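Chains: A, B, C and D, in written order; residue numbering restarts at 1 for each.
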Amino acid sequence: MRAFVYDQARELDASAFADYLDPRTTAVISIDMHRGHLDDSPDCPCPAPRARELVAPIDAFHDQVRALGGRIVHVKSVLRPGGADDVGGIPSAWRRTFPLHIGPIPNADAHAIEGSPWTEWVTRVEPGDLRVENKRRLSAFYPTDLDFLLRNQRITTVVLDGGFTDCCVLNTAFDANNHNYRVIVLRDLVRGTDAHLEAAALSMVSLHLGLVMESADLLDQWRANRA
Amino acid sequence: MRAFVYDQARELDASAFADYLDPRTTAVISIDMHRGHLDDSPDCPCPAPRARELVAPIDAFHDQVRALGGRIVHVKSVLRPGGADDVGGIPSAWRRTFPLHIGPIPNADAHAIEGSPWTEWVTRVEPGDLRVENKRRLSAFYPTDLDFLLRNQRITTVVLDGGFTDCCVLNTAFDANNHNYRVIVLRDLVRGTDAHLEAAALSMVSLHLGLVMESADLLDQWRANRA
Amino acid sequence: MRAFVYDQARELDASAFADYLDPRTTAVISIDMHRGHLDDSPDCPCPAPRARELVAPIDAFHDQVRALGGRIVHVKSVLRPGGADDVGGIPSAWRRTFPLHIGPIPNADAHAIEGSPWTEWVTRVEPGDLRVENKRRLSAFYPTDLDFLLRNQRITTVVLDGGFTDCCVLNTAFDANNHNYRVIVLRDLVRGTDAHLEAAALSMVSLHLGLVMESADLLDQWRANRA
Amino acid sequence: MRAFVYDQARELDASAFADYLDPRTTAVISIDMHRGHLDDSPDCPCPAPRARELVAPIDAFHDQVRALGGRIVHVKSVLRPGGADDVGGIPSAWRRTFPLHIGPIPNADAHAIEGSPWTEWVTRVEPGDLRVENKRRLSAFYPTDLDFLLRNQRITTVVLDGGFTDCCVLNTAFDANNHNYRVIVLRDLVRGTDAHLEAAALSMVSLHLGLVMESADLLDQWRANRA
């Protein structure tokens, strides 16, 4: 089975990772594929332009997952209007630190506001999919009910795709690991701040948190296990 | 005020980060400076050799913090004997993934076992310091009572030092951020798997999570604020 | 200041409870005042008929709170369609135990389903109020983001009104207490399964968790503190 | 199968509660059977005299559980010396409210202090048992690692015995329920503030949270299931 360890393709013994590879106890967690990150406009409130190219491949992957009977949980940031969870209280750190690197973000205050277009999904959400729509900071787990949902569905493995490999995806991988889920991050279906931090985040996952794989390789494993 | 943004020294306006710089509402969280990571022996169960050089500088920094009236919380991994939280249940992911990179770790099963020498502190713990001694995975926050303790002490800023910049330190920075603490990571007092991942983790902190500073610069700020 | 200790009206020294009585750091948490509990129809999925009489008095109290500048958080149960958090996973215990006492609940499976009329608020929700709309079991705190929201607003006292004194209200009081909020339960604005368990739950609150007061007495204290 | 619903013995269909009755996925959680509650001396810091009679019966029950291969988790309150989690920060509510009912508790500040005799177990703890020794407030779940431990051991049912039926036991039952554990409270092996609140708390458990049983009846069920 092919996986990536510290940025190198390696052939691993799939039987040593059998607990990672059962689609019946797996959920795909798709992170923050919404217009507030992906919109190609100057007033995009928290731009993640590198992730735009993921929309079609993620949709295609999710279709394969659904065809195999797997579950998909779409998670996105939504903030209460009026700023009670963020700018009207204790503001998110990134609002001051990220502009030190990329420059001013003029419309940042509009980020993720409930009921605004910035919270609309860009990837496709099908009726049978699950949604977590109150991510407030970086993790898909806190302060949402994702862990509650996954336990209730007896999920033991999470497969991550989506936005900001070195931020929300990596944070979610840490949290999933601490809650004892088996973690797989799909390197072809995540994008980071830039290629350097993206690769570094994937290396961290591969050393400390779980498996880094290509989506096609994971689908092959699932199909083989099912046969 | 000097801070590091994506690995570059920058001069930031301290007044824009005033909420980060009050020692009275700050706790230093010192992570995993114990023999299980730092022992220089072949049976060290989870070796972090790069962090050994931190012992004296961290002790010196902590003395300065104590002299300024700051609080220090030492956090370390401790696992129940018999493996009930780890190898006897759902094992930590790193046990399978980290050896893919560094090779076999012969004594890994002895890591952090309660009552064993591998849980002994290497840095100095003074009677007035606080301790969190049931870290079970990577974060200092879950499933420990660190958040409970910090809230009870009305701490709003955490300053991180200690071991594995790209693992437990970074995970703790993510968790602190999600719980709305102001986060500072001291780049001279943390060490990672290697120089590359260490620098990348600090870059991630500087973009998404808070401030990356040298300990001497932070002490200068605290002294200036106090005067 | 009048409060109730183990079902007896007592005159307490307000200065000994000053930290409970500042409206600026207080949020009223109004629990489960929705049609799924309050509808007067045979297909009400989780009937709490005793709480119907609270609708007008709670609305009137909330108006007073708003006039004094206080914050109100409305919390309600909402479950994902398809049962993923409950009957389609690990079902809530009350589904089997409550009917042992009150007999079959024919429409229980419809309880709290997202998008159904059973999740509509019965008490009035004003635009400036806050909402937590993903209570999944009994507590207003887990697995919701209520604690995250309250911390972000620097709330330190919670005042509880609403439904099932001996169930969701009592559970929320326990959780608030464990998170170190000061807790007040308004005995005239909560209702339980029956008068006996209602009184017993309030007695438990008064001994272990905080203050049991009448809403008029609390408003008097707030007005006095403000003057 | 005999169980108690709102204080009445009832004959329930055991097959309808099969998920509650498998000893292999069950842990007994024994709550706060330590000297700080049970010591028969005037300086007992948080007296629970009614629970003293439970020591021998709980020890006998635990021996039966061990003989059947069940797991036992002993949980107790321990507070950091110096008061950092309680009297030196945001003090526990009971310190002000409980004396309103029972009068002054002269030695309350000594309650549960780490390293003091008041944290010594009174019931027997065997080497194979598990311990959670950082309960800080009322629940056995927060801010401890009990949930982490139980998940790691794939426990799905908890059986509660120990002290203060209407306080820590009831709070733990609520938390266990919210985390989707099946909950059984043993009415012969818990004691409350007084007989009235004890019975009321058990009634609440029986309506909302799970099963109230006698320990002998539960052992009979386990033995029958095992045969």
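By our rule, contacts are C-beta pairs under 8 Å (C-beta built on N, C-alpha and C of every residue); 3 or more make two chains touch, one makes a residue touch a chain.
Keep in mind the model is a prediction, meaning the values are calculated, not measured.
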Same vs different contact residues, subunit B with subunit C, by half of numbers used: same
Angular offset of subunit C relative to subunit D [C-alpha, multiple of 5 degrees]: 180
Option in B-C, A-C or C-D whose residue-number contact pairs overlap B-D by over half: A-C
Chain pair showing more contacts of the two, A-B and A-D: A-B
Centroid spacing, where centroids are CA-atom means, of subunit A and subunit B in whole angstrom: 25
Geometric centre distance via CA averages, subunit D-subunit A, whole Å: 39
Residues of subunit D engaged with two or more neighbouring chains: 89-90, 142-143, 148, 151-152, 179-180
Of subunit A, residues touching subunit C in the complex: 80, 82, 84-86, 89-90, 128, 130-131, 134, 136, 142-145, 147-149, 151-154
Residues on subunit B engaged by subunit A in the complex (per definition of touch): 5-6, 10, 12, 16-17, 89-90, 92-94, 96-98, 100-101, 137-139, 142-143, 166-167, 170-171, 174-175, 177-180, 182-183, 193, 196-197, 200-201, 203-204, 206-211
Touching residues on subunit B, where the partner in the complex is subunit C: 148, 151-152, 179-180
